[in-house]
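The structure appears right after this line, and notes come after that.
Chain nomenclature is as follows: A, B, C and D, assigned in order of appearance, with residue numbering initiated at 1 for each chain independently.
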Amino acid sequence: MALQILFLIVAILTLGSAIGTVIARNLFHAALFLIGTFAGVAFFYVLLQAEFLAVSQVVVYIGAIATLIIFAIMLTRSVMGREAGALNQWAGIVAVASALIIAALIWLFTIVKFDVNPQPVPDDAIAQIGKGFVSTYVIPFEVVSILLLVALIGAIMLARERHQ
Amino acid sequence: MVAPLSWYLFLGAALFGIGFFGVLARRNAVAVLMGVELMLNAVNINILAFWRFVRPDDPTGQIFSIFVLAVAAAEAAVGLALIISIYRTRRTVNIDEIDLLKH
Amino acid sequence: MNIDLRVIGEAFHQFLINIGLTSGQASLIDWIFGALILLVIFIVLAILLIWFERKLAGRVQDRLGPNRVGPFGLIQPIADTLKLFTKEDITPAGADRITFNLAPTLAVFSIVMAFAVIPFADKVIGTDINVGVVYLMAFASVSSMSLLMAGWASNNKYALLGGFRVVAQLMSYEIPMAFAMLLPVLLAGTMRMNGLVEAQGQFFGLGWNIWIMPAAFIIYLTTALAEGERAPFDLLEAESEIVAGYNIEYSGLKFAWFYLAFFMNTWVLSAVATTLFLGGWQGPFVSQVPALGVVYFLGKTIIMFVIFAWIRATFPRLRIDQMMSFCWKVLVPMVLVLFLLTAIILKLGLPTIAVWLLILLSNVAVFVIALWLLGKGLEKSKWASKRLFTPEIPRL
Amino acid sequence: MSEFTFNLAWLIPLPTLIAFFLIILFTNKNKRLSSNIALAGVFTAWLLSWIVAFLAFFGPDVEIRPFDMSIPWIPTGETMFSIGVMVDGVTALMLFMVGIVLSMIFLYSTGYMSFPGFMDDILKRGDLPEEEENRVEKAKKEGLDPRYSRFFAYISLFATGMLGLVVADNLLMLFIFWEIMGLCSYLLIGFWYNKKYPDPKQITPPQAGLKAFLTTRVGDVLLMAGMIFLFIFAGDLNFQHVFAPETLHHVTEATVTLPFFGTVSWAVVIAILIFWGAIGKSAQFPLHVWLPDAMEGPTPVSALIHAATMVSAGVYLIVRMWPVFAASGHGENGAVTFVAFIGAFTAIFAATIAVAQNDIKKVLAYSTISQLGFMFAALGIGAWIAAIFHLIMHAFFKGLLFLGSGSVIHGVEHGHHHAHEHGHGDGHEEGYFDPQDMMNMGGLLKRMPKTGWTFIIGAAALSGFPLITAGFWSKDEILADAWATHHQVVFWTLAIAALLTAFYSFRAVFLTFFGKPRTEAAAHAPESVNSMTLPLMVLAFFAVVLGWIGIPESWTFLGPLAANPLGGYLGEMAETYGLHHAELPFIPVAVSVSMIVALGGIFLAWLVYGRKPLQAGQQDPLVRWLGPVHKVLKNKYYFDEFYDLIAVRPTLWLARAAYWFDRTVIDFIVNTVGRFGRWIAHFTRTAIDEWFIDGAVNGTGLVATATGSVLRLVQSGQVQQYLLVMLLTVLILIGVAEIIF
């Protein structure tokens, strides 16, 4: 019961900071809200007993992606620049449409019945992930590795200053 | 288990919608990318929720969400590099000013 | 003296239940109490460490160090703290108020969080989660985020430069550090901190990872210096270049927070080094007297701390480009090769001793080859040439 | 060491592949670096293959339970193609042989690929483009082949093909590596693509390459057909799955009715189709014609491809697929009989041709064909182990012989240059000199002792010199098996072929190394460099010693001493394949016949060529004695001419006829249509187009402009707007769905 209340509190915080991310005028604040959202999501991973994912979420999203985003913000804006207008002219329509999307998805989730399996998570779940990567999913794993390498090189090539 | 499956799914749906709003309504390209990240997070919540509640004995769900994580990282890197590259040439990162395709 | 330290905790828990609380409430109070104890101990410890490091640095540099307040200057840090308490708490105009205030808190928070998984003795550990090592890395990245926030929120160009350096340095060095930390994980086959310590308990100390993988230990030490923003990698606050880096605008208590975070970070890095490489709480008679584990652990950690302090007191600061190329061109390839070799050796299915010897051999070989290549590279690069010391005059 | 170490088999083809890419992409300019990379690659591969091979010999019982590990590759509906490695007894033996032979050939090549003589002539002609000429001049200064790096890249890729083929665990993967080798064979035979001969009828390297490629293609297409049928009936191409008794049973049960052959089981059809692949690759009759011409390539290539490895791949394929052959049954309708027939026939057929050849490499080429025939004949009579044994032994001594012949050619060529630079001034005017012609040699033993002695060891092994050489033991085992299984025809055919083998081998030895030098070139030939003689010695060592692993236990005195480790090792494996393997008794007839033919052949050669060595300009006594028969043999039974008549000429005629038809009939029709079209066009332009159409088009244009100016508002170029439209559409669709359901 106590944990359910905690769930609700954290869910509200997470969604709140997600909303903050998409409406904050100051981009840096938006990025900070984004980090808050990531942290909230990591909390839900813990609740789902996916500890490895939770920690990866923190390492990858907060440690790498959010830092990168802040870096990009700093490079493309003056330090304390305020946005003239954060949202574009269709923001109203989009807000209504997004709300409708959320409503549609929730409706969908209520009418579909999933056969829930109340098994506990096996103790060696993390070892299973590791084994999965080098057996069943070895080729996707390699593909993702190559994708990351290509993205790395591509990003460097794109963002490099071109000297005459 | 702390909460029923539907709670997680509702949470994921809400996060997805908010992220979609960010993608569609923000003017700044970096903010659009943030919206995309939110959507990917929402997807991951759903994947993991289904993994936990439907097939906890099979690591496929976790592995899949790790792939999503990796792809998100690649996407962020390339996306931000593109934004910086555009900023260099056009001195703006506002999406509605980047409409070269129109002309 | 066969006392399991858990007994104390259990007794306290029982006491709480006896005074009429439910088990859940008792656990909550347990946790809060335990966290408070840890926090207080380490804040006090940090204050002592500040004194210790200053004294040590003084000795190394042929000075006296603090010697006015209290016996041997022992009260000096407390006096400094009091001074910081009384200073004016400034928030610069144009600063981003919320972020500016949040940053020091987050800095301390991320480091305190790391204490949760440090095993002080068998079973004396906040929580022995099965992803302990990755957990540590996760909070290391949160810590770099706090510094970035501080650098940005100050609205000061030196602070911003410091922030950029935070990202460049901490994120780059996170990679070799992660791999160096995963090497013991490979050998032990678990990411639980206690599991890592237990795996090192064989053969009376010969099973410590420092003997098995010295090169990994040295890489960890180097990256820890960078992650802890300590000399010779203290470019984030290089006075001669960017004044004080990200904390230039901070004063009073908020500065004290950063200062505290800095020392506690060093302490955490020493503790992790102890856990991963020095056998943690392992030592003679520890199986008979578990409480001895705490003593061993603290002793080893203090030795590590002395090494950190010693390095800080003796080495000059690197240039930023040197630091970055050292990470990407030396440490990362080296640690990747080590990782690969260790993984292959472990898969050969040899007896333990042979595995250890092979890993030791590969470590020594990789280290020697890396040094040799580094020497070759330095001969060619401009670092070693005399041009380094002649200022380059821009062409007109 | 656990079974994990077998996973190293994954890595075996990799080093050479990496070397190939490194050389092609990066180090093509630097010749020495390239050859060093190739050497490093092949030596690593050698090391890995020996680790795996020796672990397989002494470690876990892979000969009974093969190590097989595969990962999914292409899912195809219900089944899945996988890539994987398999290590069993045969693989281990092949790895043992391939690793060392490849390494030795690579090492040899670093010395052999010096600046070739014919390049001088090309430089003299001076018709090269300037850039190319500079390159060649530079190479001449270095004393290395102008395309030295390229050569090492090709042979590295070739090594990848061979190593990959050996470790492959399914037929598809094997086929892919097989084709890689085919490609490399083409590239390497035609390596000296600008070499020209004064005689226009003599085949040039590019033509030889093309011939090899096209001829083997015939076999490969049939092999692929066999593979497809196998996949249809077995549902999988993984060896372990195909060889499972129930799968084989299934393949054998299914029958098909063919014209001329009646009703046969699919196993027979598949086996024969697969065997055609081996016929092509191993140059068996009737697809043997490419191999002798393939000698146009540099000698290491001949050694590499056409003696030790690639042609053995054909035998390896049959050895590997043997359960399918065995399942197809013996007797009238069995594929096995066909194998035996082709093998025995080729063995004697090629041996007779080899007797009449004067080109040292051609002799060895025909000998290779003949020896491969021995192996197929052995397979055909069920002597599976003997075939493998002979395959391994043959790789060593034939590799040795080819490398030795290369060393001789190299020496004679150098001697030629030497003699003409110091003797008669500019010697290139006196005409074409063939350094490969044995009539131009003689007495080389004194000039080139290391090459000479190793060559003699190789020739002795090839002849089957009794008791000490490897060739004797393997050939003896084939003959003994033939005798024991009552294949009298095969036995006597092979015995005569063995006699001829001994004869022509020592004919080559006596002509090349004994007597007096018959030309200036031979008199001045220098010994080759160490990087070339060292591989010779290593291979010579194995050509003698290795035979001792296969001495049958039933042999008096020698048998119990050596205990036949090979037979025991493969015997267990044969049992798991359901091949009944019984230890052969000691058969005096077979043993004495094999000794007599070997020694008799050598003695005959001595009588003809050794007793009275040929003098310069003297004719080969065989020409006189055999008369027209010699002429037929010399011209290889006119097979090239025959194929020219039945395949090449008709194709050309057909092409010419089609060309004529095209020019006269088709062109006429086309032209007429064209003229008519022009007339129509003229009419329409003046009468219709300029009035009606232009008006309509301009009108449409105006409308389009007007519409576009309205619609361009939609095409804003802004991604978000497009996405918004998409989102709204999705919402509408969801709404519709909700209303309907």
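The rule is simple: a residue touches a chain if its C-beta (ideal position, glycine included) is under 8 Å from a C-beta of that chain, and two chains touch if they have at least 3 such contacts.
Here the structure is a predicted model, which means the values were calculated and not measured.
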Chain separated most widely from chain D, comparing mean CA positions: C
Distance-to-centre winner among chains (Cα means, whole assembly as reference): D
Selected pair, greater C-beta contact count between A-B and B-D: A-B
Centre-to-centre distance between chain D and chain B (centres being mean Cα positions), rounded to whole Å: 54
Intercentroid distance (Cα basis), chain B paired with chain A, Å: 6
Chain centre separation in whole Å, for chain D relative to chain A (CA means): 56
Chain centre separation (chain C, chain D; CA means) in Å: 61
Two or more partner chains touched - positions in chain D: 720, 724, 727
Shared interface positions of chain B, touching two or more other chains: 20, 24-25, 95-96
Chain A residues within the chain C interface of the complex: 2, 26, 28-29, 32, 35, 51-52, 55-56, 58-59, 62-64, 66-67, 70-71, 74, 79-80, 126
Sites on chain D touched by chain A in the complex: 71-73, 720-721, 724, 727-728, 730-731, 734, 738
Contact footprint of chain A on chain C as seen in their complex: 24, 94, 96, 99, 129-131, 134-135, 137-142, 144-145, 148-149, 152, 155, 157, 160, 163-164, 167, 171, 174, 191
Partner chain D, residues of chain A touching it in the complex: 88, 90, 93-94, 97-98, 100-101, 104, 107, 135, 138-139
Interface residues, chain D side, partner chain B - complex: 715-720, 723-724, 727
